[in-house]
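Residue numbering begins at 1 within each chain, and the chains themselves are lettered A, B, C and D in the order written.
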Amino acid sequence: MNNLQEKLVDWRRDFHQYPETGFLEMRTASIVASILDGLGYHLQMGKEVMSEQDCMGKPSEEETSSHYEWAKENGANSEFLSHFSEGYTGIVATLDSGKEGPVIAYRVDMDALDILESDALEHFPQKEGFASKITGKMHACGHDSHTAMGLGLATLLAENKAELKGKVKLIFQPAEEGTRGAKSMVAANVVNDVDYFIAIHIGVGVPHKQFVAANSGFLATSKLDISFRGTASHAGGKPEEGRNALSAAATSVLSLHGIPRHSHGATRVNVGQLEAGSGRNIIADRAKMKIETRGETSSINDYVKGQVESIISGAATMYQVDYNIETVGEGLSCKCSLDLAEVLHQCATSSSEFEKSVLEDNTPAGSEDATYFMEAVQKNGGQATYCVFGTELAAGHHNERFDINEESLLPAVKVLYDTAQKLMEK
Amino acid sequence: MNNLQEKLVDWRRDFHQYPETGFLEMRTASIVASILDGLGYHLQMGKEVMSEQDCMGKPSEEETSSHYEWAKENGANSEFLSHFSEGYTGIVATLDSGKEGPVIAYRVDMDALDILESDALEHFPQKEGFASKITGKMHACGHDSHTAMGLGLATLLAENKAELKGKVKLIFQPAEEGTRGAKSMVAANVVNDVDYFIAIHIGVGVPHKQFVAANSGFLATSKLDISFRGTASHAGGKPEEGRNALSAAATSVLSLHGIPRHSHGATRVNVGQLEAGSGRNIIADRAKMKIETRGETSSINDYVKGQVESIISGAATMYQVDYNIETVGEGLSCKCSLDLAEVLHQCATSSSEFEKSVLEDNTPAGSEDATYFMEAVQKNGGQATYCVFGTELAAGHHNERFDINEESLLPAVKVLYDTAQKLMEK
Amino acid sequence: MNNLQEKLVDWRRDFHQYPETGFLEMRTASIVASILDGLGYHLQMGKEVMSEQDCMGKPSEEETSSHYEWAKENGANSEFLSHFSEGYTGIVATLDSGKEGPVIAYRVDMDALDILESDALEHFPQKEGFASKITGKMHACGHDSHTAMGLGLATLLAENKAELKGKVKLIFQPAEEGTRGAKSMVAANVVNDVDYFIAIHIGVGVPHKQFVAANSGFLATSKLDISFRGTASHAGGKPEEGRNALSAAATSVLSLHGIPRHSHGATRVNVGQLEAGSGRNIIADRAKMKIETRGETSSINDYVKGQVESIISGAATMYQVDYNIETVGEGLSCKCSLDLAEVLHQCATSSSEFEKSVLEDNTPAGSEDATYFMEAVQKNGGQATYCVFGTELAAGHHNERFDINEESLLPAVKVLYDTAQKLMEK
Amino acid sequence: MNNLQEKLVDWRRDFHQYPETGFLEMRTASIVASILDGLGYHLQMGKEVMSEQDCMGKPSEEETSSHYEWAKENGANSEFLSHFSEGYTGIVATLDSGKEGPVIAYRVDMDALDILESDALEHFPQKEGFASKITGKMHACGHDSHTAMGLGLATLLAENKAELKGKVKLIFQPAEEGTRGAKSMVAANVVNDVDYFIAIHIGVGVPHKQFVAANSGFLATSKLDISFRGTASHAGGKPEEGRNALSAAATSVLSLHGIPRHSHGATRVNVGQLEAGSGRNIIADRAKMKIETRGETSSINDYVKGQVESIISGAATMYQVDYNIETVGEGLSCKCSLDLAEVLHQCATSSSEFEKSVLEDNTPAGSEDATYFMEAVQKNGGQATYCVFGTELAAGHHNERFDINEESLLPAVKVLYDTAQKLMEK
């Protein structure tokens, strides 16, 4: 087991040095695939496990192929890299016990963030020499650890294959940031046969040596890129000939922030970015906005998104401009299956490594696209939960000094393994 | 002639005491008709000279019939009143010389304003005992004088019928205020046969004993009543169920005032009144706005009006409410026929009563719907002008202390008469 | 007791016929005072129990004195009416047992609403001949019943005075609608000596024969009247001279509705009414808005109100106009004292008249200014709760067909009386 | 003279290849200075002729010093370059005849635009091999020609020095684009002693072989960079902690476009660019806008600018953010001195090279900061005009295919020279 702890740290630090953002996790995926292949898993990769049309907010072809070249030269596994060349970087690895039993799925995510990692000497990854080697990208949310934990769990399962029943599916998902990747894997039917689904996260406010077996507080969300296209004209010479995209955007902003609250639960709307116009004395013919909606439930978020659509369409009419709304990310709300969570809860409670385990936490939190898997599994009659392993955080998620306590990794992997065993015995 | 001056004053003071607003000039019209009939004019009245569907901003049937009852009891001429009972209060009075010659038309307007006349003792109509007898209504623009001048001109023409050639048509127009009445008389073809058209105004900044033969500076205008209709809901309990008409109106206001300027000339937009909502804690389901557009030319005003329509339609879409735009008044820009103006200019210059005559003034001024007559006459190959007779004003037009110098009346009538004679000799 | 039921119905129907809105409950208060006086209560009235400067949204002096004349002629008690002539219509009636013991306060409200009562024949008050005699005013929230219940409780207490300990204070509050009256009674120190405080309501969704002992879900709220004052000018002639109050209001509306949500709980903002401007072609120099804020806690509501103030002040600066914000109503959030609620709950549970009793309900509901009393009592170390007696409603509160089941009255009074007894025994 | 035409073309083409934008005309100025020095002019350069604090929209020190290095390596005159190293690139070159007589000033501008020159083969500068060598910068307004004309005039004057009286001052101004440079030269008193001031432009719609001696139609203008600075917060997690700079900007946009028209003349306002925010789910803490105001007169523009200031200040208050308004360019309106224009008009009329000369054109046009010189000279009792030499344009000003007919250059220089002679004889 000490050996496994070392592996977990090695994997995590390797991924940390080569952070890859959503739909570009080519190096990461190639290494993951190679390891899983070595462990004897059956692999499905790329478009086999991702529906092209359901990928949201995928980078341009240009950026994708340029990153592919980068991956080649930065330690990607050459045997598996080509499966991910177009940016469909998901993997489903199946271990079939050959015996009757349930299908148990675990989901981990692999993507990093567009954040410049701190160069402070006291920042642990700097001190230990495994800080990001890509300027402006960083594993600042812990997905490097999640991927390592997925590999650790894969190792334990493979080593104990003889004891298993049913099947285990390990899902390595791209592009969780921005809630962009899960939907396409669900649309590719990767959880259609799943009886138990477990998604994991490290940190998010849960203290070291503590555990939450069911985190149901996710807000449903939509990430929308909105553009207006009008007509430029000289603002001094021909003001009447312009069709002002900037005015359409400004009008939208005020109405978007004023979308009425919903009596059934919390809502959020934010226009986070706005760029418009080309010159001081030109009527602006282009405007772009990045916005985000949230709702305490999926249906509340749908209400907000519907209002957004009316507002954008109407603002375009007001200023006689064209518009486009692109959904570049989306997440649902969820309700964890408490029967399944109970099993995790028992395993954590039994573990000497954990001081406290909580069955369920409903505090409103951020958003997650693991909710797509959960909804699909539950609709099929399966059970699904989202659990959180506590750790010490050097700084909050998405902070340039984010770091975890690596001693949290192995105990978490063991709980996940124990849970699989218990579920197989049911 | 002294006799005529007395009559002018009597008529003017009578009308001043009984001010009737647009499409309600029933008492006024009945008296005008009776006098013209006595002078031997051929009369066309009511719907004969007004197209129903082109009347803009006409009062409700209720208000119209209630005013009809009032007129009966307040000195209307009982022989002619019934012609005007539905509020079509226009008159065209024709004097046919029986000889060949041109058709010359003069247009005067008859309506008053919703203004409370001053009760100051030094206010001349108070001092002389002819102030308004209707609280809240007042001849504060001089149309009482215009109507009197029309009758004075009718008298001179009738007295000198033997000397005339061609025909003279005297047009007594309702509802000039708000630019509402002229269009319907034009649509009823009352100027189709007209060779020379002269509209008149008193005052408007021209000093006593001065004259402007061609006033071309009118701004085209549209008066629009706009309403939004949404859905009420309890703002605390069910905010998501409301469809907010007040927000649609507020959004419109900002965009309306921001309609881009036009490089070809001046524009104006004003939301003068806004009323919305029914209670503090209710999402507002109704909003009404009174707005006005103007343009240095009719086509510039059309541009502004077109922008208004886009804005209102778009704002309704934004807030998922219904809307209605009603045109309750409209006026065009004009270019006076200088050949015709020259004749007036000569008559004024020759008159010992005038100290100064100006051929043309293009200063941007208010708006006027005499422009509909002018456009129609000029399109048919005729000539048209709008002239102004100076006077001393006690206070500006539309002021509660507005008053004129009554000695301006007779000289003006004579210039108009002399002009007719000159035109017949051409 | 049957006798008391008859009295309750008589009182309630009398008040129902003479609905008086906030700070005008002169007839009602005079009758209440007279009855309480007859029962031997010590009375404090008018400004003795209301701080002038803390009355919010009080009607004008004109309206107040006019209503006073009306009350004189419509059955007010002439002995007591004069205490309420200025619209300070509150009463605190004290029954002192002379024995040591707790001070127990009950609060009922007396005001009606500006609602036109239904004239449908099947509407019970119509059928029974006790519908509102004042067109446009109606007891559509049940305060007529509350006042009757207060008198019923007063009767029971007085009849059993020998058995009592400590003191009972009955608070008859004006102007609960719009959350306007309570604050001024608290500021007059009427609950400074209170150990137990109980406010009551009938209906609000609780079924007949059911009871809720602690209703903690009130939203804090502020009712604000906002006005802008600018400068009028002719929109066509001198647009640059106007200072547009309507534009300031429209700009405010959009920002007010866009006040950011609060992560600690629900918020609400509504601009329910907006009136601005004086004429289509005049730059609007005046605008008025009626707005309402709410927050899940008082501090959240304070946050929203603070944002409102910034927005209004800034919008005035933008358009160079003056502004005024008047607070015309305000309510707090509350947390009921469960120890006290437990006593009520036991009394209801013991009563054969009730089928179900709930200790506490936290569902977000409307707003209430009884919360001012509750906060004051709790700050002084006392206990406070807000309880609800179920009934059958013919239609929702504030509906023109609102009506209750009068059989709910006596059981409610008995629970209140029993609770007093239990509290005195503690 | 043929020789001079060749020089004019050589100079113009050299400057065309090395276009330098405002306050970076270091290479250009160094070459100009060297030539003028060779011709015997007395030179004042850099801060001698430019008030530091009155430079508007000057590039950063970094950009300035980087461009200085570029100039060194791209043909700048090493003797004079150092005078311009800090970006104060103005030159005043004086030729003193030693005889009594008037002080006559000519102003030319030297700066280029941030425009990518067309690479079409039929574009004359491409065909002839003198297209811009700096990607993204181009002489697309003709200032390369103006500078050449200034040097041509300098040559003629120097060659004929013996015949001159009084003094001639040649002003080579930086940063006319964006109306940024003139004010600082006026503030450095360079025209304090000037009796006659002549600014020139080529093209702007005047046909080849035609001339306009007085162009009075410039609009006064202000170029403003506006920024808002608020507080970022997580839009989902802590919406109430943000202070939204993007909302402040959006609110401003709508009000800025709605600044009321002015009855004394045309106005313009344009928000040409807006950039705000840092991420989709972050409350935006920064926003920047590039805006422009114009007015038919300087005082109308001042009115608009005043309104802008109120709006920005108020919007900042509304959203509790800070703001900054920086004036990065400004121009005045002007009224040319017709006596001076008459002299130019006569010289053009006498020239066989011109087919038509117009004394004055008042058509509203763009904006110009030569108006600062004009105002200063006229205030001191001198005369000033702005004249336009027609040419054939390949495409409009500021177009990527802009080009002139080089045969226009020499005739223009001669008219300017002849005018100097005439003025000296007065």
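The criterion applied here is as follows: a contact is a pair of C-beta atoms (placed from the backbone, for glycine too) under 8 Å apart; a residue touches a chain by one contact, two chains touch by 3 or more.
Fair warning: this is a prediction, and the values are worked out from it, not measured in the lab.
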Reference chain A; chain at largest CA-centroid distance: B
Which of A-B and A-C has more C-beta pairs touching across its chains: A-B
Centroid distance [mean C-alpha coordinates] between chain C and chain A, Å: 50
Cα-centroid distance, chain A relative to chain B, in whole angstrom: 69
Residues within chain C bordering two or more other chains: 237, 239, 244, 247, 251, 254-255, 257-258, 260-261, 268, 283
Complex interface listing, chain C residues touching chain A: 254-255, 257-258, 260-261, 266-268
Chain A residues touching chain D - in the complex, by the definition given at the top: 178, 219, 221, 223, 235-237, 239, 244, 246-247, 249-251, 253-254, 257, 268, 270-284, 287, 290-292, 294, 366-367
Chain C partner contacts - residues on chain D that touch it in the complex: 237-240, 242, 244, 247, 251, 254-255, 258, 260-264, 283, 303, 310-311, 313-320
